[in-house]
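In structure tokens below, several structures.
Both complexes shown next keep chain A, but they swap its partner, so chain B is in the first and chain C is in the second.
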Partner chain A sequence: MPSRTPETRATSLFMRYAILVLVALIFVFPLVFMLVSSLKPSMQLLSDTSSIRAFLPVGDISLDNYTASFARAPVALFIFNSIFVTSVTVVLNLVICSMAGFSFAFLDWKGKDVMLSIVIATLIVPLETIAIPLLLVVNNLPWIGADGIEWGWLNSYRVQIVPFLSDALTVFLFVQYFRDLPRDLIEAARIDGASWFQIYAKVIMPISGPVIATAAILRFLAMYNQYLWPLMVTQSEQYRPVMVGLQYFFQLNTDWGQVMAYLSMITVPVLAFYLALQRAFITSIASTGIKG
Partner chain B sequence: MASLSMKSVRKSYGAVEVIKGVDLDIADGEFVVFVGPSGCGKSTLLRMVAGLEEITAGTMEIGGRVVNDLEPKDRGIAMVFQSYALYPHKTVYDNMAFGLHIAKAPRAEVDAKVRKAAEILKLEPYLDRLPKQLSGGQRQRVAIGRAIVRNPEVFLFDEPLSNLDAALRVNTRAEIAKLHRDLGATMIYVTHDQVEAMTLADKIVVLEGGYAQQIGTPMELYHTPANLFVAGFIGSPKMNYIEVTVAGVSTDGVKVAAPDIGEALLPIDPGKAAVGDRATLGIRPEDMRHGKTDGITVSGNVELVERLGHETLVEITTTNGLDLKGIIDGTTLISLGDTTDLSFAAASCHLFDSAGKAFTRREVPEVVRARRGT
Partner chain C sequence: MAGWLMAGPSLAILAIFLILPFFLAFGLSFTNQRLISPNPTEYVGMRNFESLLGVGTLTLEPLRGENGDLILEDGAPTYPRLRGYTRNNPDYPHLNGMREWISWTWGENRVYVLASDVVFMRALVNTFMFVLIVAPLQGALALGLALLVNQKLKGINAFRAIFFMPVVVSMVVVALLWRFIYDGQNGLLNTLLAFLTFGGFKPVDWLGNTSTAFGAMIAMSIWQAVGFHMVIWLSGLQTIPEHLYEAARIEGASRWQTFVHVTWPGLRNTAVLVLIVITMQAFALFTQVDVMTNGGPIDSTQSLVYQAVQRGYGQQDIAGGSAISVLLFLIVLSISLIQRYLTRERT
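Entry: the complex of A and B
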């Protein structure tokens, strides 16, 4: 192979960076457009879209759109609702699905394989297909609250949480990850006298960072972006999440500046969550590895 | 400390029977090694002792107690895995302390035990490290430390040295032998390395085809193998086999005949041998001499010469197509293509009947009665 001159190496490096920068820009531009537009009055926003000005914070810049969106909708409440429902669901979902995955991967019980195929088969059933029957079910469920037993779960947090406490994809992710872990580790723990629960909690989960991070990101996005289900089950404003709240900005006259301001506000939590987990994700990958 | 006993222990995976009935008695404090070719069920048998594999049939007793249905933790055993199986997220200290924490041992006691084990294994400088920050040999010692801390009656090792390099393997082997002397615990050790088996064992169990082919001291297996399989498995290079016919049976022994060796009288108990029977004569390469010095001589064409310095491995092929290996003096002048003689004493010969079962040798070296370390 002919050795490459420093010039060609520099050129190829430049090309590689150029491509990366281009790709990054393609992903970043919509976000920049959203943030920049949220600072502009609607008229200017629309006229700017035909030029590069669409991505630049120029002209009549202010936070007016943010103030206006707070006046138009209970933004803080929506964000709180979404974050509350999403985090509770994600945490409980990870616990439940990882336990299910543990059982599928490590325990021996009759009918395990059939059960796992059924769980995985549900992957192909979209929420839309079961939304109506599910609505009928939750509408007739009892709940023991502060003032005794009540019927019907509509207009609550639980109706947005409980149906999503487990899902096939997350179970599947855990099963796959667990199956690749060395079985010796579990056997060593059994000899050390650990119960199955202790093996789950003290041996397996601490080395499952990568799959937990992956599942958490996927679950978070799915929950945070929920629209159809919360729209069906929350008639009152009090329990509505952000995506349903977006409706408030598309009535009669749509003010695009306010839409952009609202979108900017609801996007920030997602980005923060993702960046936080990404770091955990990388560290946990680095700290696993049984033998080298 | 405990003895261990297996009575017609069997193991099947579905329709496949892997262990077909093993009887074995292990005395308190004994060092027993399971050897055998890959896939013969060594690990399986060890894991049945550990309680990690269910026992399909038969009984397993540890310290006089039937353990068939006991959980691993209740059997008084500790196991060192080939992969070490250290908890990757726990420090060396916590790896060793985990079992005690689970058993809710008082903190001070845990600390004392872990530090004691660390001292024995020279792991003190590494207590705060994670497994990935250790060398292979150090990880190995942590795995042993984790076993020591449990203070088990029986230690189980599954090929513990196979991931170490040659030099470290020799060291660690010596350390395990020392550990056995110091702790006086019963140990069962699986390996496919003959040297480990010969040097460590009080008793070797040769497993093959789901059965224990022979159970005995290393010297018994070497000098009085019970059958062709054990004869071929123990010893390296492998024992030479010569197909012979029984030409005479007398109180002096068995007279055998073969084209390459003519007739020879072997000091072997005739047992049920009858004139005309087919049999196999076995002779170890290390019992061969160069030239016509010993009783039985075979001549052939030199096909292979490997000089190791202190000794030379030669292989000759006779005109009848018989291949024989010999280990001869390292200073012998010999070269490929030469015609040369290899000879051996009748007393060094083993004889096996047509089913592969050994006849009893009359002249067995005194060393067969030697125990390990004597």
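Entry: the complex of A and C
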């Protein structure tokens, strides 16, 4: 083996960082371009793409695009819809799936094994393959509203929420996590006369922080970034989430400055959230893989 | 009792919104169901599948004049019109209604592969191409990135966080941003290539050309998702015990030898997982097509899900969309069974 002098070690270190920085640039440049462009008038934005100015906040910089995009489309409504649908779905999904996971992991009941295998089998059915018949299903479901029973769920919050209140991956994550918990915890609580629901709520859930975080992050990303389903089920703007609301900026003449401002508004909060909790994000993705 | 009660809500929701539509898709694909229709639904047998999958071949001899010479047009032989064979020709009932999918010249003759639904065939082939290119390429690039960020260097976590960043950004946003990168006149990619070649590069309309559009979409899709699989690889890398690397160092193994004999064998299970996950995600190709190209130019970026949505939602032809969904599901199922068989534990 050739002996390594301090110089070659320094060069090798430099090379490693150079590669890392180069790759990092590939991953950030479109996002930098988005943020910088959101501050520029459309004309300048389009001409700037022919030089490095595309990535620099130079020229006529202002927040005009942001105010203009609020005037152009009901941006606040779209953001509210997205936050409302996403948060309600994530919270209820975690409750429903963790209860199911608890039942599969700790309770004995007839048909449990069959049910669990069916749930796991649904892992390989992507939403995209059932979206069309699901559209027919939700179009024929009843709902008890203010004026009695009405039929059809299209154009509502519920059509964006209810179908996603349970999913195989989340159930599976909870089952996996619960199975690794020590069984004496349960037995001690049983001896104390606690009901199964009390054990779930008071004993198990309080010590399930990691899996709750994992599931919450995965659900949050999937719901907030959803596109195909809300595109099909929200024809009226009243219930549209941010990703579908984007269409407003492409009607008539497209103002790219406003588009960039809108994209920044719907992306930056998620990015900030991610950067603040990046360790948890990355661990959660990793944990779905470790046991596979 | 408690068991059923606690699992009940989850099972009920999966049953209504996943399993029911799943079986409905099978049932509806044999009917003429529409989203809203005044006429009752009818059973139509295999008709939906026949109109999607029907293919036929036809070999045509060149036209000859009365003396037996070829009739040339601009120096090339001419052939009878295809429509004579595919429009109610009693001698060719199996080709009725088909259109040209692929054709080539074979000696003097012209060979045509005809399809009942050329757009669907394009979508089918594209989707397979997308999976076949993206699965190995993205898997390998993700592993490369994982090895990069698995080094013990100061600040490596920051790089890891940056490589993962596009994963949290919606594909809708990503696809729109990449339209600027691929733009034909002032696109960022053209600008960069012109700069690197000192202006020698002629601008390309990446999404407007049939030869580049699909490749451009593939590159962007990998850019968006590769960080996700980097993290899965990384978790696999970190399960490999340190003492194996130490042993390799003591034996004087090169970096490549260490990778082949220590790292790769330790990643076997992770590799299976990564491959299956990427394959399933790749088959669901939709958002990129919808935001960037609408399937164009000339159907070069069509995909199965895009076609299913176009019919089932756009044209309200639930039965046609369901038939495509069923085919897609059968493909995904058989691929994952094949993958599982090929990557099974050999004892």
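As a working rule, the second predicted complex is superposed on the first by the 230 of 292 C-alpha atoms of A that agree within 3 Å, B and C clash if a C-alpha of one lies under 4 Å from a C-alpha of the other, contacts with A are read in each partner's own complex, and residues count from 1 in each chain.
One rule holds in what follows: a residue touches a chain if its C-beta (ideal position, glycine included) is under 8 Å from a C-beta of that chain, and two chains touch if they have at least 3 such contacts.
Note that the coordinates shown come from a computational prediction; the quantities given were computed from them, not determined experimentally.
Engineer: Which partner, chain B or chain C, touches the larger number of chain A residues?
Structural biologist: C
Engineer: Quick one: is A:L135 in contact with chain B, with chain C, with both, or with neither? Answer first, second, both or neither.
Structural biologist: The answer is second: A:L135 touches chain C but not chain B.
Engineer: Output check: A:A68 vs chain B and chain C. Expected answer is one of first, second, both, neither. What do you get?
Structural biologist: Once the two structures are laid over each other on A, A:A68 reaches no partner at all.
Engineer: Report for A:Y200: first if it touches chain B alone, second if chain C alone, otherwise both or neither.
Structural biologist: Only chain C is touched by A:Y200; chain B is not.
Engineer: Using the superposition on chain A described above, determine whether A:I120 touches chain B (first), chain C (second), both, or neither.
Structural biologist: Neither chain B nor chain C is touched by A:I120.
Engineer: Under the stated touch criterion, which partner chain does A:L185 make contact with: chain B (first), chain C (second), both, or neither?
Structural biologist: Touch status of A:L185: first partner only.
Engineer: Go through chain A and flag every residue that touches chain B in one model and chain C in the other.
Structural biologist: Residues 287-290, 292 of chain A touch both chain B and chain C.
Engineer: Tell me, which parts of chain A touch chain C in their complex?
Structural biologist: Of all residues in chain A, those touching chain C are 1, 13, 16-17, 19-20, 23-24, 26-31, 33-34, 46-47, 49-51, 54, 96-97, 99-100, 102-104, 107-109, 112, 115, 118-119, 122, 124-139, 162-168, 171, 195-197, 200, 221, 224-225, 227-228, 231-232, 243, 246, 259, 263, 266-267, 270-271, 274-275, 278-279, 281-282, 285-290, 292.
Engineer: Once bound in the complex, which stretches of chain B touch chain A?
Structural biologist: The contact residues of chain B facing chain A are 47, 50-52, 71-73, 77-79, 81-89, 98-99, 102-103, 130-132, 136, 139, 146, 150, 163.
Engineer: Where on chain C is chain A touching in the complex?
Structural biologist: Per the touch definition, chain C meets chain A at residues 1-4, 6-7, 9-11, 13-14, 16-22, 24-25, 28, 33, 35-36, 145, 148-149, 151, 153, 156-157, 159-174, 176-178, 180-181, 183, 186-188, 191, 223, 227-228, 231-232, 234-236, 239, 252, 269-270, 272-274, 280, 283-284, 286-287, 290, 305, 308-309, 311-313, 318, 321-322, 324-325, 328-329, 332-333, 336.
Engineer: What does chain A use to touch chain B in their complex?
Structural biologist: 182, 184-185, 187-194, 198, 202-203, 206-207, 287-292
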